[in-house]
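There's a structure below that I have some questions on.
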Amino acid sequence: MIKVGIIGGSGYTGVELLRLLLPRDDVSVQFVSSRAHAGTRVDAQFTSLRGLCELQFSDPASINQADCDLVFFATPNGTAMQQAPELLAAGVKVVDLSADYRIKDIAVWETWYGLTHASPDWVEKAVYGLPEMNREAIQSASLVANPGCYPTTVQLGFLPLLEQGLVATDGLIADAKSGISGAGRAASVPNLLAEASDNFKAYGVSGHRHLPEIEQGLARMSDQPIELTFTPHLLPIIRGIHATLYAKLLPGSSLGQNDLQALFEERFANEPFVDVLPSGIFPETRSVKGSNTVRLSVVKPQDRNTVVVLAVEDNLVKGAAGQAVQNMNIMLGMEESTGLLAPPLVP
Amino acid sequence: MIKVGIIGGSGYTGVELLRLLLPRDDVSVQFVSSRAHAGTRVDAQFTSLRGLCELQFSDPASINQADCDLVFFATPNGTAMQQAPELLAAGVKVVDLSADYRIKDIAVWETWYGLTHASPDWVEKAVYGLPEMNREAIQSASLVANPGCYPTTVQLGFLPLLEQGLVATDGLIADAKSGISGAGRAASVPNLLAEASDNFKAYGVSGHRHLPEIEQGLARMSDQPIELTFTPHLLPIIRGIHATLYAKLLPGSSLGQNDLQALFEERFANEPFVDVLPSGIFPETRSVKGSNTVRLSVVKPQDRNTVVVLAVEDNLVKGAAGQAVQNMNIMLGMEESTGLLAPPLVP
Amino acid sequence: MIKVGIIGGSGYTGVELLRLLLPRDDVSVQFVSSRAHAGTRVDAQFTSLRGLCELQFSDPASINQADCDLVFFATPNGTAMQQAPELLAAGVKVVDLSADYRIKDIAVWETWYGLTHASPDWVEKAVYGLPEMNREAIQSASLVANPGCYPTTVQLGFLPLLEQGLVATDGLIADAKSGISGAGRAASVPNLLAEASDNFKAYGVSGHRHLPEIEQGLARMSDQPIELTFTPHLLPIIRGIHATLYAKLLPGSSLGQNDLQALFEERFANEPFVDVLPSGIFPETRSVKGSNTVRLSVVKPQDRNTVVVLAVEDNLVKGAAGQAVQNMNIMLGMEESTGLLAPPLVP
Amino acid sequence: MIKVGIIGGSGYTGVELLRLLLPRDDVSVQFVSSRAHAGTRVDAQFTSLRGLCELQFSDPASINQADCDLVFFATPNGTAMQQAPELLAAGVKVVDLSADYRIKDIAVWETWYGLTHASPDWVEKAVYGLPEMNREAIQSASLVANPGCYPTTVQLGFLPLLEQGLVATDGLIADAKSGISGAGRAASVPNLLAEASDNFKAYGVSGHRHLPEIEQGLARMSDQPIELTFTPHLLPIIRGIHATLYAKLLPGSSLGQNDLQALFEERFANEPFVDVLPSGIFPETRSVKGSNTVRLSVVKPQDRNTVVVLAVEDNLVKGAAGQAVQNMNIMLGMEESTGLLAPPLVP
């Protein structure tokens, strides 16, 4: 029986970890911490878990974390960088769902996140937890930096094109749309139903923290510097990200729709959580609701030289808790898809 | 390995049966029939099932149904009454999700459904599949009439009060609200997102087909004739029913809030799929999204003599496919909750 | 040119007053106050008003309110009872959209609102602003207590039955459902889109502040004590209330569906903002979106003795700002429907 | 009093024309035709218009259209091209909300619409009804081709950049998202609330009929051939389009954020229905709900050479019926904004 703990369990990624882990009989959740709710039952906050969870939220200070094989950080940015090193030193593996260990360039991270990094040495040792790019390194990692929600779809969507060096790297565009659970569970006027439903808007157009994370990943795929225009938008839905990606084929390219389709199908043929749709079928966010799958389409409109890639994920699953469990499975030598194969909830 | 078939698999209850049955390793879905989609892959209609289902929709005429241990009818009203008898004669058990076998009084059924019943003898032998009332009879049934979505919440909500004879039976009120998936997957102007979202309305106020089904069940519980005012409403959500029930305590009753709370908790203490919430906590539909649980609250406002019961379910699960699977588990001697314990999808 | 002011203009009722008043050329909005936003432009908070409003939010302290013919209070409960008397003393008329002056029994008000009333003498002088009941008194009122959103639909729905003494007054039921704008514009976790959308629940079942207001009004109509069970629910829509009302005809009543239909049509024949739908047509909330109209249906299901009334309104218009403007029109001797006749926004 | 008629009045653009025209006292709607609903009252189909409209739907065959000053076609594509010429010959002005007269190149139109054009001579004489580009020609037009919903936002968004020749014309991208009312009021499974809500997807990625219309307009602005990648998506909202536009500044451009902001503000300074938001503020669809305004933002992210323009409109108003009324006002010599200045409905 694997023993795990969750630090910061009262947000959406925390409860999603519970949804995925509680039904498993090979994993035991030892604790769920929450400073705000310490001492109250988890199922008093999340009625949906009544009958499935006897835990109370623990005070972070009172937990014996070293008793765990692996600990998830589902905390705001800035917490894991302070608390993870002690756990790691005690031999506990860590999956950090926050942004603390995602960006290798400390100066870049500090600029975008407005903090001084507390454990820069662990940034170097951390493995970026996108299994489709990094599976081997994750197997032996002590610390995995779980990718952001947008970065997962954008990187997977561009991956085949950039790995093969088929498109210009200086004019990439990612027009991304996210369900509102990506904004977290804090009280906020703009995220009220009366403000955000029956509505749609862009935000962070001038600069969003996921931009440097994505550019780092794309540069690594292509071995070239990247210039990406990244425009996030807010969808009036709970779960789901749809990324619409645009790239220009290099001059002289003779790749047609069929070639692109074959390229994508081959690249992801053995990936358990990436589904390339048949040519002419476009993905919808609900088709992955509650599941760890990313669905992709690739299109070459009017046979011109701009390639369009469409990618959907559930931002709380493949974009957060599901990918964290996938990483846990890999790190602990378990079958990678264990506990992650329930069908999406449609309709 | 249990072998099952699904007749009428292209609607919402059909795909929901697949969502619940496909992940099981003790059940094999032999066929899914659909006249309209015969010959096409199931996952071409339901992208969410890609990778989980290799079946094609079959033509109903070409199926060897007798090869199954149990067959589900997820068909419009009027089909099962014609096709089930042959299967039953061949020793195949049947769970009918339509209304064909729910109402014992043939004349009442024919009036409300506008059809002549094709197999009235089987109506008599059919067992009404509400396990919380009828578990023993279901165990030995060949044919189970799966309850309607509204009737499940309304009957379970009134059950403790009527069984104990605590309330007047001639002035019951059920103000019920359903998500739009209850209206099925047929093209329809009123159910378009542009018509039904950001909107709310009652329908069938003068008379709804679930009224006689509910009154039959309530009369059986109380051994008295019942007069129920039943008002269904359409919610701009996909899944979920909320029934708000009103009953008057009999004159002279001294039952207080605590007595009612204890009554409900005791009645359902051993029911795996009925959750009585603590006093003062009211249920919300999302707390059962994707799950087979009904959550109930009982309230005595202002300590006056009207009792209010609140009940929620997922109309496609406990209100249809989940209860059908629960019935299958009971009929085939399996653990009743097998395959039905995944946590609800919240948020 | 009529001069008006708005105290507390940064919430939903405040901006709704602006939406209704700004296009008028017979009314000039002199100021909109907001402690939180003082000094910022109104259209910076409400982009929808760009080009229509040059005002800044004022600090309440710095306003010369006496310069107005009439002032609206769109403030939280407890503010108008302190500030209105000074204005009234200066000859300024007041429409209070909060609950401060709605309930005549000071002790009852203080119990439900948890405050000591600061101007109980003005409670007695205040006129309850439901024009369909109180038009004449409003004409000469200095202070109008604008009704609550739920109370408007519930009172109008029961009005013909209670005025004529046709139903039992001790077992009335109002099952009411409100769009989430009724909860106001404050940051709140339960009202986030990720919590409240695709969801439905009851709240305040044990007791809601609108209960004593409604019972006071119903008692006045019927000249009898009232016992109402009032159950509010939260709809995942922005605007709209649907009240489903239940009443029992008195024993021996011979009233049929046609009689009830005629009763309702006659009672409201001359009301500009009450629309009785044809028999068999049920109202939907969107049919009054953005408008000051209440639409009603009356039904006698199965010809039994329970009467069902369905009533819809836009909670921000007839349930708040629109009714306030209607009251202003009456108080100032203008045509009652001035500025209130724009068609609802459908779809 | 201006006399107008509406041909094809039972869809969303038809009822929206009524919403805008009925309150006017300078315009009289003579008839609304609908083959499907001929003989029934308009307010039986659209309850929201009860009390505002005494008309019945007319049979198209029985109308004396020549009695009108102007007739709107709110019909499916292929109708106006057959019926408008007779009206025009009789001296009646026409605003066609369908696509029949939008594209000057008949062969291109026939390819994309799959029809043989019935009145190609009138295509040449028709004026494209985008007042911000074409105001003078509209003033003297007999036949105005009202722009499509997507083309209105995309053309207005690119207008300042292309008129001034500042960006590359061969790599333009329009990532556009539309509310579902754009799909019309026909029964359809994919547009059911149970399918389309809590969901988001792209469609027509390989080619959408609005592409040639947009490219024609952009080419005219820039006097150069255009290559646009146009990706429409379906939003789970009723009204609203958000277009996110991408263009590359020409090599050597020294334009900064402030220059672009100034460019946009100046270009639209005198336009009554185009609102350029302050730098750093991004538009949301609800800010124009029910109104004829387009709101625009221009951004130069990271000071790189890709310019992002954000544009929102209400697809039924500025994207259809509102722009049609604006064109009517211009064609008939009335003040352009008459009847179009009501504030948006927010929240």
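The first chain written gets the first letter, and so on, giving A, B, C and D; residue counts start at 1 in each chain.
The criterion applied here is as follows: contacts are C-beta pairs under 8 Å (C-beta built on N, C-alpha and C of every residue); 3 or more make two chains touch, one makes a residue touch a chain.
Everything quoted here is computed from the prediction, not taken from an experiment.
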Note to self: Farthest chain from chain B, going by mean C-alpha coordinates, please.
What the structure shows: D
Note to self: Per the definition at the top, count C-beta pairs in contact and tell me whether B-C or A-B has more.
What the structure shows: B-C
Notebook entry, point to check: Cα centroid separation between chain A and chain B, in whole Å?
Noted result: 37
Check: With chain centres defined as C-alpha means, what is the inter-centre distance between chain B and chain D in Å?
Finding: 46
Note to self: Need the CA-centroid distance for the pair chain B / chain C, whole Å please.
What the structure shows: 38
Next item on the list: Could you check chain B for residues that touch two or more other chains and list them?
Entry: 12, 181, 185, 194-195, 197-198, 236-239, 283-284, 286, 289, 347
Check: If you look only at chain C, which of its residues touch chain D in the complex?
Finding: 12, 15, 18-19, 22-23, 46-52, 181, 185, 197-198, 238-239, 275, 277, 281, 283-284, 286-291, 293, 295, 316, 341-347
Item checked: chain C-facing residues of chain B, complex -> 171, 173, 175, 177, 194-195, 197-203, 205-207, 211, 227, 229-231, 233, 235-240, 242, 244, 246, 248, 280, 282-286, 289, 297, 299, 301-302, 304, 306, 308, 310, 312, 347
Next item on the list: Please name which positions on chain C make contact with chain A in the complex.
Entry: 12, 179-181, 183, 185-189, 191-198, 236-238
